Each structure stands twice: as structure tokens, then as C-alpha cells.
């Protein structure tokens, strides 16, 4: 059975000691979406054809958000990211903006939180830039797609356990 | 029709000048959830009966996240929050942890982003604290419930438009 | 009797809503000391005669620390400081460096935490700059000296209650 | 004659008390440039025709940099910016990228440092994004163009004193 | 004799080059206390029996404070912490809350400052949460208990030199 | 020909994956100046003779600025600096303050941005501390002097290519 590794034997929260873990290549991919109303969705798509500012701003916010993960998540280890990619794609059939983030590091801990934080920061930024048009937008589907490296090895959503 | 207020006439991103807006009382309420597997859900509930650390940590992360909103969202105005509440509630029927955040300020801009950021930070923290047990958790339903104050007045999800 | 204002009726932590409090002039003065060994104390005093770098660095760290208070203290409100002074004085008879910090703001909440954080950051910086000489230094006497403004009015250590 | 307002009567640095200053509308405009080699300049211009990423990234960095001014400049007051604009323009005749930033606040202190920090952050970001092509780029001409509001009133570079 | 390693040969402050130091396992333990009045002390103890929020919040603040050490201490090196533990314990006989923090890293520099900053942030947070009840609280006894690793090897308070 | 390494094949910004690069010793030296009016320059020089606060404050701001580089530059990798030196020197013949910063790290990426950010933060701090005396100051000549380490090896301004 899994353990609540952030909780020590006395039930107190702590930042788990990872000093014994080997440094390996870590990769994590996360995804999420924001559902827009018709007006907001068209605004993004039309802007993107011209200059793409909503998506470009959200993409940068995602990358920068990954770098702030240990600031935002209390028990998360600071770690030196070696790379972050954030991709946003409008999906007309659902009027959603899809976000996918990949985080990488050579380190003792995984980068799942960095990938998930990147997705969240990108989605919140889309909301911020469109909220004058549409306050009813919803963020969802924020989840890990896959991770690689570390003691627990490779995990993918389809074959997880 | 709404406007993309973060995009100026040349299509460039900017931080909108709100200097002309009056200072009024602003309140925003946002919500979201994280869906857990059975083992992770039980872990939260049992811990909470004893000491409640996962939920207490996520609650603080939400409050602190609200204070970092303008750091995380590129075009968001910094503003002096006058209060933040974050409440987490496990929902056994769905095995979800529900989060609701309320942000308040007397200021020229709304606090929707602060409430949504609080929800996101709290949910990401729940994920972080349970990821050794369950990597398949999903965050969703992150959305504004209501907001009050400012030129656009009161908006509630049920009666929005 | 006082109340634990950061704990709401359900026992959860929250950032107290101060939106109803009037904006008044707030001042708080805090103090503290660090006790040094003979070698470290002489190093500070002799450097100070020449260039004063330990004390000058600690002073800046105190001012900057005051600006980070709401980052460091989870339930502390962010507020726009209008002024911070930090003074450090070596006291040869006790081989201590005394620190006194004054924080000011026109705001709805007091600035006690800003003054106390300034003192702590200054003292920690003295430790950092001298730790190669002396690891046994001790910080103490960190406390509020006086505060003015707000509903609770003026408080001074000698006449507190 | 002017005074070194950050230095108090004992010669120590402090964060000047601005509590007595009235809240007025403050605007500051600053500018600067980065000089590129031919290859780097062409890369910017060609990218911009297609997607404009170097300039868009630098623009966001400038806006975000303005929000971090009091973090970066030790004795600078934190203040609630009401708006920031950053504009970048390639100048083919000189192979320079010109940056102009405007910062605004209703506050007790001026926003010159916010405008200058925005310019610097934008220029550094251009350097960062092009340094694989050209390490010899130079940043210069970073200066205040005009400021308005506060006790000292309006100042413009051409009619300054 | 020790050296003021943060001061170079010209008397200027600098961030010491540690590039030549080997990466070894570093551990540091620090402690401190805050002395409370009777009402405040009882409030903590009674709350802790029920939900323990003051101590739980202070504990998290300590862990997060350790992660911000190089932000707060000007000449302190940024380093990737591998673990942080913060324990708070009320001591009824003295009406003090005792704090003990352990910081760990595999790095070129020691983690004394991280442990001391964790203690200070935890103590300041206790003050913040109780200040409506008691403004006269005092923080003291903040000091290194032991450290291990690095060129200077193991140091403990009792056998220090 | 060089590549815009921050731009991927689809023209989107990303934080380049440096996971494959070896860890080597990296050093970068950057320089810059701020040109002052006669009154401001004399103020610096005379203060320095007495206490040197403008220069000492700017020096610390430069060191701290280097530590914030990846916060300020969106696509810049976070990295654990092993050392930073910042030197400021008044040049009477030109009434300029010259700044030179050296950054060092054992890492996969270069530290050019850290050195340039240190120079910029130091120069902005000089401006901030003298702006009450002189608003017409100009920052310029901010550029890389030399860098060492990494795949591209040693580069110096005089022999660059």
C-alpha cells in the first residue's frame, strides 16, 4: 500500500528527505483544458490567427509557473528544472483550449507537480485574459498523463495502477 | 460585446490601466474539486479524523496562493487582499475533495483570479500530498461561483450572462 | 478576552477579513539581539570602523525582509508599507548586536509582523555573515516594543496589558 | 539642492517614510534599447513577421518585471500598480530593438523605478532569447523620458532640471 | 582564526565562491522558542487538543521559510534542499512553544541558515496567530544545535569550539 | 548559423531542455555604467568617502538580483549559483559609476544572464538612491565581457565571433 510520504510518524507534515534517492532523468507530462463560451472561444481563435496573444501569454505563464512550483506547493522540493514545454491548442468541437505541459529535470524527485502547476498557471491565465468576455469559463481535466524516472519508474495514465 | 481588455489596439498584451476605476468592495467565490481513488480518499478521511493534515496543508496553500496571484498570472494587477477563506470538504459519494475559496479586497479590480488561484493551489497541494498513493487523480470543476463589486456589479453562476 | 482571529468558527485557519477596518496610520517598533563570541564581535566592530559591511548588509536585509512579510507568514495580509527603518548597534558590554526596526503603513492592519520580520531577517543575516567565525551565536529578545494605530490603539511594552 | 532621501541623518540606508505624501496619480515613462548583430536582428524581424515570439516574450517580461520592482530594488516601496504598458520596436537603421515602458499608480510614491525596471527586464529577455546567436549585444539608453504626479510635479527629459 | 568569508579583500560584501567545495551530505539542526502569556498559551494547547491549527500553520511556515532562505539572507547561496522537518512542542512549565528544525541537502554549502530561518519563520507565525490575544510575546533561544558535513565537519553546541 | 534556441519548431516559446548538457564550471562577467549629473556624482563620492551607502546598497542589490534571474527572465533556467561578485567604481572623468559582475556555477547552462541581471539590478539601485537629486541619469554599456565553460567554450568581447 502507498504511504502518505509527506506525513511523518507523528502525523505532522514535513518535507520528505530525498537525500538517499539517486539522481536520474525525470520527465512528467500533464494536461488540462478550459471550456469557453462561443464569444470567448472565437476571440481566442481570431486573435491567434492574427497575433496569438492569449495563447502565447498563457504559454509563458505555464513555463514560469513550473519554475514557481515549490513556492506554491508547501511540501514540494525545490529542484533545478532542465526544461519545460507548454503547448496550447484550441479545440473547436468542444470550444475548449487544451493545455499540455512537459517538465524535465535530472534530480532526486519527480517533476509531476511542475507539469501540473504549469498546466494550472496556463489555464488560469487564459481565464484572466478572457474574463471580461466570459466569467462562466470552467477549468477541468487537469491530470498527469505520464511520468518517467525514479524508483517508481514509468507510469502512464492508460496503464497506471 | 465584451472586449479582450488585456490586448491593446495593436494586439499587444498589456496590464490594463485601472486607475480610473473607483475603489469598491470586491468579493469573489470560486470552487473546484479533485477526484481521488479509494485508497487516497480513505487516507485523507482517516487522517482528517485524527489530525487532518492533508486538508489543513491544502487550505494554507490556497490562502498563500491567493497572495501570489499577480506573480503567477502575467497581466494580473497586484492588489492588497483584505481577506481569504479556503474551505475543503471530502465528499464520500464521489470520492472528491471539494474546495471553495472566497477572496475580498477594497480595490479597483476584481478578485476573481485570486479566488481561482486559491482553489488551484489548494487542489495541487492535495495532489502533491497524495501522489505517492495515487497518480491518477484529476482536478476539475474549477470555476467562478459568484462575484460582487465593480462596474459589472454582481454575477452569479446561475444567473450569469 | 482576546480571540484567535486567524481561526474561524470551525477551527480552520483563514486570512481574517479586514475590509471593515478603517485605514489609519500604523506604526510598530520591534527589537532583538544576537549574542556573539569575542572573535565575532571584534570582527564586526573592527570592520565597522573601516567599512561596516556586516551591519550595513544586515540593515538592508531587515528592510527587505519587512517587504516579504506576507510571503513568509501564511495568514499575514499583504500591505503597502510606507516606510521601514532598521538600526543595528553593537553593545560591547554584552557582546551583542542590538537591532531595532520601525515599520509604518497607512492601512487596515497593523505592521507588527513587518517590524518583527525585519528584526529577524537582520539578525539572521548577522549570523550568516559571521558563521565561519562562530557557530554558537544566539538570537533572542525578539519582541514588540510599541505599536500605534488601529482599533486597539497604542500599546507599549511597559504599559501593555 | 536635492537630498539623498534613502540615507538618513546617520548615513544609514532606510526606506523613506512616505506616509505623509498625498495619494495622487503617478505616471512614468522610460525607454532603452538593445543593439543586435545582423544575424540576431534579422532573426527577430523575421520571427516577428511570422509569430513575433521574441518581442512578445520580452514585452511580458517587462510587464512582470514592473510588478517585481520592490523585490529587486532594496529601498524601493512596494506599491499597487494600476497599469503597465511595454512596447518593443525594431529599428532597422540602427539594428536596435527599442523598448518603451509606461507605469501608472495612484499612490504616494512615483513609479519611475517600475518603468525603468520594466525596460531592463524586457531588454534582458531579448538578450536571453538571442544569446545563442549573438553574445556581443549591448543594452543602453535606459533612462526616464517623463514622469507626472507627486510633489515634484511633471518632469520631461527635454525640459528637466 | 576564522575569516569573514562574505567580505572580500577590499572589504566589499560578496557571495563567496563555493564552486571548489565537494558535494557532501549536509544536515543542520536549529532550535528556538516563543514565550507566551497564560491566555495565549492555553489557547494554543486547547486548540491543539481539538485541531492544532496554530502549531500546524507554524510548522508549514517553517518548512516554507527554509525554502526562501536565499531570498531573505542577501549573501546566502541558493541550494536544493533535500528535506526539512519542523517540530513544535508546547512546554507548560515555561509557557513556551519550542521549535526545532532540521534541514538537509547534498550540496557544497551548509544548511545552517535554512534551519535557523525555518525556526524564525515558525516562531513569527506563532506570534502572528496569537497577537490579538497577547502582544508581549518574546522570541528567543534561536541557535544552531548541531551541523554535519562539509570541510568543517560535525559541530554540536555542547562540544563546539 | 546560430539558432533561436528558445523557439521550438512550431515557433512557440519554450524553456530549452538542457538535460543532455554536461555539468561544467561556468563563469560569466558582465559590465555596465550609469552616467550621473555633477551633483549626484559628488553625492556618491562624498558618501563613499564617509560611509559608501549608495555603492554598498547597489552591490548587494546586484548580488541578490543574480539570484532572481530565472524569476525575471521568462525562459531562463533556474540554477544553483556557486558565487557572485559585484564591484562598483566611480569614474570621475566621465561622472559614471561603473559596475562589473561575475557569476559562477557548476551547471548545465551558462550564467551570462545572471551576470547581466546583477549589473542591471545594481545600476537600477543607484538610480533609485539618487533620483531625488537627478532624474536625468542614464544606464548604458550593459554587456557581456567574457564567459567560460559549456559547449561553446570561452568567449571574450575582444575575440568574440
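Order as written gives the chain letters A, B, C, D, E and F; numbering starts at 1 within each chain.
Operating definition for what follows: a contact is a pair of C-beta atoms (placed from the backbone, for glycine too) under 8 Å apart; a residue touches a chain by one contact, two chains touch by 3 or more.
Just so you know, these numbers come straight off a predicted model, no measurement behind them.
*Asks:* Give the chains in contact with both chain C and chain E, ordered by label.
*Replies:* Correct list: B, F.
*Asks:* Have a look at A-F, C-E or D-F and name the one that copies the E-F interface, over half of its contact pairs being the same.
*Replies:* A-F
*Asks:* From the centre of chain C, which chain's CA centre is farthest?
*Replies:* A
*Asks:* Please state whether the interface between chain C and chain D is built from the same residues or different ones, using more than half shared residue numbers as the mark of same.
*Replies:* Different: fewer than half of the residue numbers at the chain C-chain D interface appear in both copies.
*Asks:* Please tell me the distance, in whole Å, between the geometric centres of chain D and chain E computed from their C-alpha atoms.
*Replies:* 37
*Asks:* Let me have the rounded angstrom distance from the C-alpha centre of chain B over to the C-alpha centre of chain D, please.
*Replies:* 31
*Asks:* Return the residues of chain B touching two or more other chains; collapse runs of consecutive numbers into ranges.
*Replies:* Answer for chain B, listing residues that touch two or more other chains: 12-13, 51, 53, 56-57, 60, 64, 71, 74-75, 80.
*Asks:* What chain-chain pairs meet the touch criterion?
*Replies:* Every pair of chains in contact is listed here: A-B, A-D, A-E, A-F, B-C, B-D, B-E, C-D, C-E, C-F, D-F, E-F.
*Asks:* Please give the residue numbers of chain B that touch chain E in the complex, ascending.
*Replies:* Residues 51-53, 56-57, 60, 64 of chain B touch chain E in their complex.
*Asks:* Give every residue of chain D touching chain C within the complex, in rising order.
*Replies:* 8, 12-19, 70-71, 74-75, 77-80, 107-108
*Asks:* Which residues of chain A touch chain F in the complex?
*Replies:* 25, 56, 59-60, 63-64, 66-67, 80-87, 104-106
*Asks:* What part of chain E is in contact with chain C in the complex they form?
*Replies:* Per the stated touch rule, the residues are 1-7, 11-13, 32, 39-40, 43, 47, 50-51, 53-54, 56-57, 60-61, 64-65, 68, 71-76, 112-113, 116-117, 120-121, 123-125, 127-144, 147, 155, 157, 160.
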